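Per-chain residue numbering starts at 1, and chain names A, B and C are given in the order in which the chains are listed.
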């Protein structure tokens, strides 16, 4: 199905591009809605045919994976959901993969959010992933959801020295001291790794600036593609690794599937999205080429 | 009163937070100042909601153009507010997590807020594609460099790049497009971003100093 | 005018009819999977609603229209209330009440931490911030704003200086000959292997020269002529590569969001894909 789908998709996209090229060569203006329709088709058709490709993790993604892998079971992993609907399709696969990896490895998971929208996403993740796929994990012992606090960088500045000053309770109003998972945990400095998933403000950058670097705590990130290039100056000294956009999520998912047989059948939205993504990239590149051909032809005519 | 007090507050809070980094006894002061900031931030959310009601309430009251849509905004606002403040349909009652699965608040997040927000940003895919076709021109050498870098990334961040250049031997593996994309990201992109980052850091530091010392006062508005 | 009104009414009727059909069909599909009647009706309604709201936003691609405006205005109202509610429960109930009132803490079932008069500072400043809504007492919000500005400045000054300035300058001083084993071994292996000595050395040169020339480009106090001009020119090239990479990633991000929404429509709503 996938290879037939790929051929059909490529045929439809190729025919459309050829038509655009002919229109451009003849100097005719292409209506913007046609361009919109075309990009819609370029994404929809491969999606309907479920076209997928194999992925290989790049070093910057492997660094995060290996960090979680090399930590002994029972290590403390803090996962911060710093995103909302505007980024969810590309970063949610990352947070789900981190969640699965940490729990499968036996780490203790601390879930929180610097974005209000993150609190809803944590609730969904706990309900749809932890409770369903890891029924043996006990709330308050293996994982905890402390939710959102307003203030962003102000929150980080408090919890880097004292969790309990900022978070008196978890999201359900349970005192942190009553939760076994918080025994011996005073601040962020007691965490073995901090992972922020986001792409806006506050996000990975703020975790590096206000927690990772001043506290000398290993920090990793997963972020929307738009903000990924901005974070490279921190890698590898201030940021141990980074998942940039859906490609980073797909690479992490592929590594997880490769190394953990139990995840062979897990949902892999990242890998699935890379099919339409690939063809859409192809179309955008073709648009640039066709646009430039038409530009050079018109320039030559003018001169 | 209207200027001196705010300038004094900014000076005390800013200085306290800087001192808290260098002197451990000030650490608690730094925590408290940050915590109070976090609480005030919530009032800023309330201010946003209040302002929204004021703007749209005026539009409804004066029956300005498209006032019907303002009614939708106000209705959506109050429905979500009621669902959240009274924790309607929340399986755990008033003490449970406001975003508990099954609560009206979480349902509205999942099925109204989330699709609207995500689609709003998804629209940009069409405009980026359209801009690629209409505006992305290799007019000069600078634009051509930008275009080539974009091509390397667009190809290198998909399996296409791997399939297209996997035949290149390992001794020239840098020329394989995925590796070239990694190299672009971790070398020239890193250098450019770092230059920008250093520039921004200097700007932030100097602006912070100006604000703490009261040299920069534009945020306080004009003198009344 | 009359014709366009009639057309709008017909379109609205079709949209409502399609919504109802979708609701019923989806409800039947969910109830077939063994869900209780109430959950089938509720979930089918919300799935259909989300799909129609998605389509309403996408309809803007054709042109601005009432369905898009409806969705846009709904989004604004819902999102403002969302942030308010989560902020109230998490920080006001979670941090303020336990430090100022035992009865309020008891009412909301959060652990009372003892009366702390200092917590009236953010409470009073917060109320002063709300005075912004009043034309007469608007000036009072400046006090709260001053606290916000002071905190942001105090927090940013040290962190940016340490991590985005000092650390970044330090990170730039990289060895310009990586893994040096002598002249002979270096020149005998000039392969472009991704992890080769030559490639790594080249990368470090690009980082060092790129940061240096990039900064020169942003330095406007001296005219860009001679060596300075040439270095600034190289800086522009480095920045162009940076912007090109950012463009590539932006395309990737935006397309991902579109794929996400279309996946919802095809999978969760229409059931066309698994």
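In this section, a residue touches a chain if its C-beta (ideal position, glycine included) is under 8 Å from a C-beta of that chain, and two chains touch if they have at least 3 such contacts.
Worth saying up front: this structure is predicted, and the values here are computed from it rather than measured.
Chain contacts in this assembly form a complete graph, since each chain touches every other chain. Judged by contacting C-beta pairs, the busier of the interfaces A-B and B-C is B-C.
Closest to the protein's overall CA centre, chain by chain, comes C.
In this assembly, the C-alpha centroid of chain A lies 12 Å from the C-alpha centroid of chain C.
Centres computed as Cα averages put chain A at a distance of 16 Å from chain B.
Mean C-alpha positions place chain B and chain C at a centre distance of 4 Å. Residue positions of chain C touching 2 or more other chains: 61, 82-83, 86-87, 90-91, 95, 108-109, 151-152, 155-156, 160, 164, 168, 171, 242, 245-246, 249-252, 254-255, 257-258, 260-261.
Shown for chain B are the residues that touch two or more other chains, namely 17, 21, 34-35, 37-39, 41-42, 45, 95, 98-99, 109-110, 113-118, 120-122, 125-126, 128-129, 132, 147, 150-151, 154, 157, 182, 185-186, 189-190, 193-194, 197. Chain contacts: chain A has residues 36, 39-40, 43, 86-89, 117, 119, 147, 149-151, 154, 157, 166, 171, 173, 214, 229-230, 233, 245, 247, 277, 280-281, 284 touching two or more partner chains.
Partner chain A is touched in their complex by these residues of chain B: 17, 21, 27, 30-31, 34-35, 37-39, 41-42, 45, 92, 95-101, 106, 109-110, 113-118, 120-122, 125-126, 128-130, 132-138, 147, 150-151, 154-155, 157-160, 162, 178, 182, 185-186, 189-190, 193-194, 197.
By the touch criterion given at the top, residues 33, 36, 39-40, 43-44, 47-48, 50, 86-90, 116-117, 119, 147-151, 153-154, 157, 166-169, 171, 173, 175, 199, 208-210, 213-214, 224-226, 228-230, 233-234, 237-238, 244-247, 269, 272-273, 276-277, 280-281, 284 of chain A touch chain C in their complex. Of all the residues in chain A, the ones that touch chain B in their complex are 20, 30, 32, 35-36, 38-40, 43, 53-56, 58-60, 84-89, 117, 119-120, 122-124, 127, 145, 147, 149-152, 154-155, 157-158, 161-162, 165-166, 171-173, 214, 229-230, 232-233, 235, 245, 247, 274, 277-278, 280-285, 287-288, 290-292, 295. Contacts from chain C toward chain A in the complex involve residues 61-62, 82-83, 86-87, 90-91, 94-95, 98, 108-111, 113, 151-152, 155-156, 159-160, 162-164, 167-168, 171, 242, 245-246, 249-263, 266, 272-274.
Chain C contributes residues 42, 46-47, 49-51, 53-54, 57-58, 60-61, 69-92, 95-96, 108-109, 118-119, 121-123, 125-127, 129-130, 132-133, 139, 141-158, 160-161, 164-165, 168-169, 171-172, 191-194, 196, 199, 202-203, 206-211, 213-215, 217-218, 235-252, 254-255, 257-258, 260-261, 264 to its touches with chain B in the complex.
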